[in-house]
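Below you'll find a set of structures to go through.
In the two assemblies presented below, chain A is common to both, partnered first by chain B and then by chain C.
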Partner chain A sequence: MLFAAIQWHSFFFLLFALLTCGFALAVVFSSNVVRMAFFLTISLGAAAGLFFLAGAEFVGAMQFMIYVGGTLVLLIFGVMLTAHERFISMKTRAGEWVLAAFLGGGLFLLLVRAALMVPQWNSPNLQRDQVAQSEVHDSAAIGAAVSAYRADGLPSSAAPAGTAASPGKSVYLLPFEIVSVHLLVVLIGAGYLARAKKRTSANAWQA
Partner chain B sequence: MDLLTQPVSVSHYMVVGAMLFVCGVICMATKRNALGVLMGIELVLNGANLNFVAFGSRILRNDSLGMDGQLMALFVIVLAAAEAAVALAIALNFYNNHASIDVDQADDLKG
Partner chain C sequence: MAEFINSRLISTLLGWFSIDALPPDHWLGFVLAALVHTVLVIHVVAVGALLFIWMERKVSGRIQDRLGPTRVGGKFGWLQTLADGLKLITKEDITPGNADSLLFKLAPYVSFAASFAGYLALPFSDGWVGHHVNCGIFFIIAIVGMEVFGVILAGYASGSKWSLFGGMREAAQVVSYEVPMGMCVLIPVVICGSMDLITIGQMQAGFFTNWIVFHDPFAFVVFWVYFTCATASVNRAPFDLAEAESELVAGFHTEYSGLRWSFFFMAEYGSMFLVSGLAAILFFGGWNGPIPIFGPDLLNLAYSDAEIASGTFRLGGYIANLAGCMNFIGKAVTGVTVMMWIRWTLPRLRIDQVMTTCLKYCVPLGAVCFVGVVGWQWAHLWSPNDLRPQQPRIAVRERGLFDLPAREASGMATRVELTDKAAWAGTVPVPAGETR
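Now for the complex of A and B:
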């Protein structure tokens, strides 16, 4: 009886939300940096599941490929390159924990209160079954939006001119180009910064 | 049980995003390992991303942001990758010069 009443969308949301939050907490409370990296991998992977459940398949796939497959591998390389016995497990002082718990608890209460305050955000969308079937070409719409055309801007264009700017009409070509060049410059700069300098690192041990 | 039989709304996503954000802030504040601080930043960015996607989702809300939310989330992911690369390069440089990854030791500027 209860089994039939379960909404499977909500069930999987709950599953991935618990995984995300639980492993995010594990990152905070673990003091071993290798374990922290592993917990972060699971937390971000479960967040990709939440993206899929919200209907953002392309963003979820990118979360997997760029975050879990790229950024975290980079972080794990950093952990391995600096894995000296002293730095694997660094304890935080108790006073700092108390202060952080106070700050974090206050911030969390504030954010949750803000999230639950607006009634439009609280009420679920009742026509979501039609939406889930009509919007399957997600990545094509995103690809169009970073080049020249917004597939989702059509209903708002019916509004008379001169009214407040409606969402979903601007095209993201320029931000996309800026981000591309930015990424290139940043990666060249990072490679330059991280290169091995034998002379200076030998001096630093005496200093 | 109420959560299982009710459809999900935007606030559910926002609560999860708030949890990730707060975990990231605490992580940044308490970790002494520079890479731990970096992981806190990743958590914060992911919490923000979750909110962007939730507001842009047609499934969760009828008059949503539309594609804007997903595009913003993609830009955040790309910028997070760039930020992680630079921060890692700085951390490795610091480790090479000081033979330590403890952020408390980074006081050369006497701040």
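Now for the complex of A and C:
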């Protein structure tokens, strides 16, 4: 029967992949900035759907949180605060089209080549139990890796030479902390740069 | 469920017409099971909104010393929302000439879809969840933040200054309140050591003293901070600046009418239930009642861990789960009622007051309580909570990802299990044949 013959995993993969690519193209070909943002949401949300389909729920939720939520709210803030007329539309000149097609096409070819170099590309479809098996990965491995342990138990390649990094120990904690402190510095810096300039006492009451 | 439908229901039905029984993994059972579950969850939002809108009218009426609706549907006016719904359906669907019509038409659906998608990971009882997401709370927080996108789109696309102001206010408010809300949500996660909503709920099984809100004074304070932030993030009074009738006409939905308008409200009531349900799971034991009637000490009906793991069906366990579901819905509805009570009691805040509440009170309170809870845990201070010991936390699961036989042959570790704090301190003896 047709219904039973469909490979649902592949079906949903194709559905989400088509949504991602289709709305990514819509972003490119639309000229209204807010519409672009809306199409970008759907495209990124469908990419999150792909992550969920692969059983990577933490990454999928992260995709929602950071890309779909954060970036787009930021984008919309930017558009709304800087727009001079009501519905801004961007006209693209022919030269820009050519340049963009050249760059984008080159990058696309590079990606396709890289994807096809993966040996599993042509391997047969996963069986049902294999798909179910790959769903048991949870975010605990990420947390463990950040605090102490590598998920694969391999010796850490990032360990400095000479230190006795036993197999399975990870050294991700320090980079993680450095990145977060760095982000904090960036945040404070941005706040400092964007602060209200000191007004003269004459018009201070207007503030 | 799917196997049950295939092997019991459909096969019995086919048996009457002497047709061969279906195999237990036939697609028909899966489709029917999926339909039943989807319809059930959709009705939490749809029927929930019917009930909540009627309740909102009654609550506001009583608070203002009125009766509220009394006529439609006989006593108590309990069909009032249905009459409202009929009125909304018959209204003309208007798109203003100035509007960006595509976005204007899609915005209500974006709002509703975001609110509804959160229910995917919200457990209604032990194991009763649309999809068991192992970082469920993170998923829900990420999804709830998406609802604002529909409101911003509506505000922008309406082509009206009132709507635009409403949308901007909403954006500023929700983006700010996500920070303290994230902090508050982190605290039950830290106490339970899991982002899995089902694990968090299971750990609070037992008497009401096991609820995380009673874990320590800091956790108690955090619940109130969470509830404030949740009220703000679902855009309810006193934080309903986005609609602010007295200043912005109706804010982001000034230009909407009919069914599209009602989609915004279904989304709002859906989100209210969602964040209240989240509060119930995170702080008030979720589906566990104040007294563990179905627990192993009294009636001993609830499913055991082994039964949950193997997915067996037992009537007693089902009844226990049903009662748990009623517990959970009761707690969530109480949360929604409190939100209504607050709405009709407090006046609307100004935008600067909203920002002050967030940045000067909620964020510092959240941060201090976070440090306090972590310190409380670290110092092993007394707590009424006797959280159920968890199953051994399997820190690393690698089935299917790596080539296990090859690694076993080369003497590498195949899995690392961390059972408790001792493992983190490095005092757990390494089992023979494994290296850490």
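Basically, the second predicted complex is superposed on the first by the 150 of 207 C-alpha atoms of A that agree within 3 Å, B and C clash if a C-alpha of one lies under 4 Å from a C-alpha of the other, contacts with A are read in each partner's own complex, and residues count from 1 in each chain.
One rule holds in what follows: contacts are C-beta pairs under 8 Å (C-beta built on N, C-alpha and C of every residue); 3 or more make two chains touch, one makes a residue touch a chain.
No experiment lies behind these values; they were computed from the predicted model shown.
S.K.: Applying the document's definition of touch, where does A:F58 land relative to chain B and chain C: first, second, both, or neither?
M.R.: After superposition on chain A, A:F58 lies in contact with both partners, chain B and chain C.
S.K.: In this superposition, which partner touches a larger number of chain A residues, chain B or chain C?
M.R.: B
S.K.: Where does A:R35 make contact in the superposed view: on chain B (first), on chain C (second), on both, or on neither?
M.R.: A:R35 sits against chain C, while chain B stays out of touch.
S.K.: Tell me which partner A:V73 touches in the superposition: chain B (first), chain C (second), both or neither.
M.R.: Second partner only, chain C.
S.K.: Residue by residue on chain A, keep only those touching chain B in one complex and chain C in the other, then list them.
M.R.: 58, 62, 72, 77, 86-87, 138, 141, 151-153, 167-168.
S.K.: Can you name the residues of chain A that touch chain C in the complex?
M.R.: Touch list, chain A to chain C: 1, 3-4, 32, 34-35, 38, 41, 57-58, 60-62, 64-65, 68-69, 72-73, 76-77, 80, 86-87, 130, 133-134, 136-141, 143-144, 147-149, 151-154, 166-169.
S.K.: Could you please specify the touching residues of chain C with respect to chain A in the complex?
M.R.: 26-27, 31, 98, 100, 102-103, 106, 110, 133-135, 138-139, 141-143, 145-146, 148-149, 152-153, 156-157, 159, 164, 167-168, 171, 175, 195-196, 393-402, 407, 412-414, 416, 418, 424, 435-436
S.K.: Show me the residue ranges of chain A that touch chain B in the complex, using the header's touch definition.
M.R.: Touching chain B: residues 2, 5-7, 9-11, 13-14, 17, 20-21, 24-25, 27-28, 33, 36-37, 40, 43-44, 47, 50-51, 53-56, 58-59, 62-63, 66-67, 70-72, 74-75, 77-79, 81-82, 84, 86-87, 90, 92, 96-97, 99-101, 103-104, 107-108, 111-112, 114-116, 118, 120-128, 131-132, 135, 138, 141-142, 145-146, 150-153, 167-168, 170, 172, 175, 179, 182-183, 186-187, 189-191, 193-194, 196-197, 200-201, 204-205 of chain A.
S.K.: Looking at the complex, which residues from chain B come into contact with chain A?
M.R.: By the definition above, chain B touches chain A via 1, 3-16, 18-27, 29-33, 35-36, 38-40, 42-43, 46, 49-50, 53-54, 56-62, 65-71, 73-75, 77-86, 88-93, 95-102.
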